[in-house]
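Following this message is one structure expressed as structure tokens.
The chains carry the letters A, B, C, D and E, assigned in the order they are written, with residues numbered from 1 in each.
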Amino acid sequence: MTALLEVRDIEKSFGGVQAVCGVSFDVHEGEILGVIGPNGSGKSTLFNCILGQLVPDRGTVRVNGRNVTALRPSRLNRLGVSRTFQLLQVFPELTVRENLILAGQEHRGSRLTRLFGARDAGLGSEADRMLDFFRLRRLEGEKAGSLSYGQQKLLDAAMAFMSGSRLVLLDEPAGGVNLTMLADLRERLEAINRETGVTFVVIEHNMEFVMALCTRLIVLAEGRIIAEGAPADVRRDPAVIEAYLGH
Amino acid sequence: MAPDAILTLDSVVAGYGKMTILNGVSAAIHRGAITTVIGPNGAGKSTLFKTVFGLLGVRTGRVTFNGADTTSFEPRRMLDAGVCYVPQGRNLFPELSVRHNLELGGVALSDTSRLAGRMEEMMARFPMLREKANAQASTLSGGQQKLLEVARGLLLEPKLMLIDEPSIGLSPLMVQEVFSILKDLRSAGVSILMIEQNARQALAISDYGLVLEQGQTRIEDTAQNILADPRIAQLFLGGGLAPAA
Amino acid sequence: MTDFLQLLISGLATGAIYALAAIGFTLLWQTSQTINFAQGEFVMVPAFLALIAMRWFGVPFVASLVLAILASMLLLGVAFRYVVVGPLIRRGVLPLVISTIALSILLKESVKDFYSAEAQTFPTLLPDTLITVAGVSVSLAQLGVLAVALVTIVLLQWFLAGTRTGRQMQATAQNPTVARILGVPVERMILYTFLINAALAAMASLLVSPIYLAKFSNGETLGLIAFVAAIVGGFNQVRGAIAGGLLIGVLDNLAAAYVSTAYRQAIPLILLVLVILFRPQGLLGRREERAV
Amino acid sequence: MSARNSLLIGLALLVLLALAPVDLNDIGVPYPGLRRYGTYILTLWLVTAIAAMGVNLIVGYAGQETLAQAAFVGIGAYLTAIVTKAGVPFGVAFAASGLLTFVIGIALGFPALRVQKHYLAFVTLAFSVLCWLVFRNEQWITGGVMGIRDIERPSFLGWPLRNHIRFYWFVLGITSIMTFVLWWIVRSPWGRAFTALRENPLRAESLGVDVRLYTLLAFALGSAYGGMAGSLYAPLVEFIDPSPFALGPSLLFMLMVVIGGSGTFLGPFVGAGIAVLLPEWLRAWETWYLLIYAVLVMVMMAFFPSGIVGLATRLLARKARS
Amino acid sequence: MLRKTLALAGLAIGGLWAPAGFAQDIVIPNIIELSGGGATVGAMWKNGSSMAVEEINASGGILGKKIKLEFIDTASDPGKARAAMQRALDDKPVAIFGPIYSGSVSATLKMTADAEVPQVIGGEAGNLTAQGSKYIFRTSFGQNVSMPKIANYLRDIVKAKNVAVVFVNNDFGKGGRDAIVKELAARDIKVVADISTEAGQADFAADVIKLKGANADAIFVYLNEEESARFLREARKQGLNKPLIGETTLLGQKVIDLAGDAANGVKGHVGLTVDAPVPAIQEFGKKYEAKYKTKPDHNGVKGYIAPYMIKAAAEKAGKLDGKAIAAALRGMTITPDKVPGILIEATWDDTGEIDRISFLGEVKDGKQVITETLPKLKK
């Protein structure tokens, strides 16, 4: 079985400071992989290298066996890789429903059918499903900018699933979300994973959230993987504790 | 409230836009001591500093420094009151010389005639600054830059220094040097409130610790007790600490 | 060769004026992200302020020049900062661009309607004596322009680098947040840059008007060239603006003499496009590193 | 507003506009119809609005900047004038104007988009002045500063449009079609993608939206609207010279769209209306209208950045609520 | 919503009706350059024509009716001039004044011909009168008349074999340049440099260097007044010691005021000048200066004589009718003894071309001196 996502020997440095030093790992179909590590350990840089936002100095990224290293984000997305961002990234002037349709439209038909075809690019029922699934139905006509922070986070996550991606990378989905909303979000993500088998890679600082959500964890420190395994094991790993609390 | 507190926070709420980061923080920071703030990312540590220093508005609650209510103070008034702030990351003016970067720490000095003397003292204390006085700040190493930032903060003879993640990006040797400088400052009577990722190392040189989670104070205790507290690992690696009921 | 030197000196004298306008342009950009499309008019107006003082109120010439500089600082500095830029500073670049375009129309039409549509002679401090060295003839006035402009630039550089206030201004431009943390009065520093911009524009105006006459429409090309000079030299650098201004002044003359008078205006613009494509930070600029 | 309502309002406006120059006394309505001048101004307004719609697509919807719309209008106008005088039918000239400006838009935008955001604006600024220089100096083809005289108004299906009312109806027809097309684009997934790249290009890119391509499309489409407006401008005025295609008029196009309400569908019409009609309304102040216009723009920018249409929508919404 | 939108639209369209003038007055629209590049020119014309109208009204008007001038700005843009013309013609005026820029005249002359309204223009481009309109009338020589005179001057008096031409690249300058190049060729005079400059150009260093290098026997300078002044200053600075020959815009008082000493020694042909050795013109200059605090130039004179042309023609025709006035003006000679405001005797031919005396002059000691008066072409 080949891995859905294959990361090999990624290296990236900024102005002489090595942010990521030779990171390799695989992500398998249906997994929820968490990537954790203290501040400055290189998680975001690694993420951006995988997603084409940054060009790695070395190493390759493969999706379904296809080399996608340094592919532009829009191309990567059309190959079935979605992502969310650490900071809020919805389109405030579009309605909730339009945000969802936008998130899927570039995967439907050709550019011409998108011009001459249906307004919703045939994504109406898909959007409906997401609205219901993420419990945003009553807000569908609101401008996304008028939603509360937590609701926007839900919408942001929902948008990642509109394109039918098989691999979704979530960058700090829990950041700034209050406790009740957090439970909601986790439960929704688990449900999607269960029902559709979508694979997740999650960067997250909220350990409680990440320990409960993920099936497997990778721990980064100073740009390297220092531990890997089930959440319960990782939590007990002295190397991990040291990385977090210092020596 | 501790009678020797230099800074106290009373149910402070603050945040950015729609996001609330501090959900009613209360704490008392001891005079003449080093206090380290620890907590997982997103707990609101840096926000706490910005709020205390007046860069971010206090929504509700009260901040008291040295006995005076400073809740609505602007940074300039905080400086005048005797607080300096060394933020995270690189905060020098890259195109100015080391000397001029240092000098800018004295902008708020009420008596400008003292500036030259103060700068002289700083250069005596940190000889590196004198050696490199005319170099562009951007040519300094990471550790040297941090030293310069600390020296710049000290120019005003603050009573309290807020220092955010001083060790980040520094070599272990340099971290030791920075920490020893902080200890020296404490001996000189400066109170220090520090955020530090490297919790164990920081607590080891600290007198007190303050544990934040979800924008609230979870533990306020001596550094020793916190170091020994088994809940700390749990705090960082999941499980969280229930708010004291 | 003589021709070339002649062109070079003329170009430098004009270029020094462009540099004065371009420096202010970059200062405004650095401290308040203001792209001032009325910069050319800022150079046009002060001469008329001096003319008003002289002809309407009978103020002596030298006093009029001083008054014009002061009035410019008030009108094009303080009022511009608080009335035009103030309400828009948080709305981003585009609304400010639109507003300054409107301001340029306002200034131009005001001078035309309230003073005169005709070109005006403007007295000069320097006699129009000619000096000829090795076949290159230069008027004293022209040398004066070059000298005064260069002295102004040197003084400005000295002020920015050599005085504490100047360094506080630099600090504000390089990192306003840290400047604020150190207690730099950021708001006041921003106002200073507006005052300096107005003063530089006034200097340029009073230098250029005796040679090229004062007219309400003088700002049109000047503004465009200051803009081009600032980008070509490096938008975030005072020294870039100086180099850009001098370069374009010289280039314009050389292009007119050796390429085509009809297309002389095209040369700086082609240079602009090339710089944008191949060295977007400008010839002497540094890359913008400031996040957000 | 629902699609049906918008279409209804659009149609009603169209009928009203079509009747504006007609003497209705014959059918018992006490309305004398606009005279030649009023009709001419209305036609000019429509032509200006087409070009302004293009600017609105670029600036208001896609969040880019253009300082060259007048140059694109000029390219369309010169192309049409030159080829129709050489005997090419107007329809072909019109299509060619749109196509040429579209292609130039792509060619201009492609390199500029490799660099920072405002740099597209700077490149268009340079392009605008360069075009103007060519119009002025290449006398053999553009007539130089003397311009091109006696540009014939075309026939439409054998129906000569020499008469001012007929030509007005012809322009009105084309404007309606182009308005509809833009309305369609803006409501289609393309329009959504344009909005997305205005609001958050990074996020849009991560959702599969090819930001560079859509930006180019918006810029080229908007420029093509300029070219087609120019194609109508030439036979309307029957004379062209370089002055209306200089940098100044390009800047005025920006002002027009912003004051009307950028990113709103009716904004360009209101903005063009103000730019074309305001001098007429302020005739009593003679030359001072530019002063008043400038002050108006500055006040609008400071207090109502969403433009007149944005302001009106807000007032109407408030009224509806109370 | 629908009703409101329609009401708004109705209001907007309603704004397009201009209020009608007072019925008892004759309204003459002046379609002139009040803003944009030609603002200076338009202001002069406006002052001149206003002054004439005041005088005419004070002495009883035209055929017992008072004249009222309406000033419409073309913004120096032919498209806008055309719109303004359309509006003016809708009111069926007896005459139109302006535009002054040849491009704007070119864009509008067909309309006045169609409407059969006489159009008194300020434009000097040669081709304006060659387009078959029977309704345009010049107030000054067209370049088709003045350039042959200059070419003769260059050949006969300056005795130049090689001439350099420097012109401003607008309809005025370019038209003049095209005309002089043609005339010079016809006289076997070589054009050794042909230099285009911009309106509003400040720095003429490069242009003067080119001229120095051209080694011409004389330089023909055809720029607007301000640019003429800037050019002369630079020419003097660089010691350009060739004869500088020009037209009205090189020798005018305005140029002398602006250029100072540098204007001394320039020579040329002057079609219309306030400094002409004609008492009526000098009188006019004084009145104008007293009233507007600034010296008039030839555009002021052009504006001034326009109302007198209409007055004379209307009185000859005996009625206030555009077609009749135009018919009267064609082939008409107006003399100052009957109509003092015409200043100098002038005759219009069938194409609207003006014929009157003109002058050769030069600038001496900061004054324009007329050295010779050239007679009318046709007696």
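The definition used in the following text is that contacts are C-beta pairs under 8 Å (C-beta built on N, C-alpha and C of every residue); 3 or more make two chains touch, one makes a residue touch a chain.
It should be emphasised that the depicted structure is a prediction, and the values quoted were computed from it without experimental measurement.
Participant: Which neighbours do chain B and chain E have in common?
Facilitator: C
Participant: Highest contact-pair count belongs to which two chains?
Facilitator: Here the largest contact count links D-E.
Participant: Using C-alpha centres only, name the chain that sits farthest from chain A.
Facilitator: Ranked by distance of C-alpha centres from chain A, the top chain is E.
Participant: Most remote chain relative to chain B, going by C-alpha centroids?
Facilitator: Of all the other chains, the one whose centre lies farthest from chain B is E.
Participant: Would you mind pulling out the distance in Å between where the CA atoms of chain B average out and where those of chain C do?
Facilitator: The separation of the two C-alpha centroids amounts to 43 Å.
Participant: Mind checking the centre-to-centre distance between chain A and chain B? Centres are C-alpha means, answer in whole Å.
Facilitator: Centre separation, chain A to chain B: 34 Å.
Participant: Using mean CA coordinates as chain centres, what's the chain A-chain C distance in Å?
Facilitator: 49
Participant: Express in whole angstrom the distance between the two chain centres, defined as the mean CA positions of chain D and chain E.
Facilitator: 35
Participant: Considering chain C alone, which of its residues make contact with at least two other chains?
Facilitator: 109, 112, 220, 262, 265, in rising order.
Participant: Multi-chain contacts in chain D: which residues touch at least two other chains?
Facilitator: 136-137, 287, 290
Participant: Of all possible chain pairs, which ones touch?
Facilitator: Contact pairs between chains: A-B, A-D, B-C, C-D, C-E, D-E.
Participant: Looking at the complex, which residues from chain A come into contact with chain B?
Facilitator: Per the stated touch rule, the residues are 17, 38-40, 148-149, 175-176, 179, 205-208, 210-212, 231, 234-235, 240-241, 244-247.
Participant: Spell out the part of chain B that touches chain A in their complex, as residue ranges.
Facilitator: Touch residues, chain B against chain A: 18-19, 21, 40-42, 165, 168-169, 196-202, 214, 232-233, 236-240.
Participant: If we count contacts the way the header does, which residues on chain C are in touch with chain B in the complex?
Facilitator: For this pair, the touching residues of chain C are 164, 167-168, 170-171, 174-175, 177-185.
Participant: For the complex, which residues does chain D have touching chain A?
Facilitator: 185, 187-190, 192-193, 195-196, 199-200, 202-211
Participant: Per the contact definition, I'd like the list of chain D residues that touch chain E in the complex.
Facilitator: 1, 5, 8-9, 12-13, 16-17, 20, 34-38, 40-42, 44, 136-137, 139, 144-147, 149-150, 233, 237-241, 243-244, 273, 277, 279-281, 283, 286-287, 290, 316
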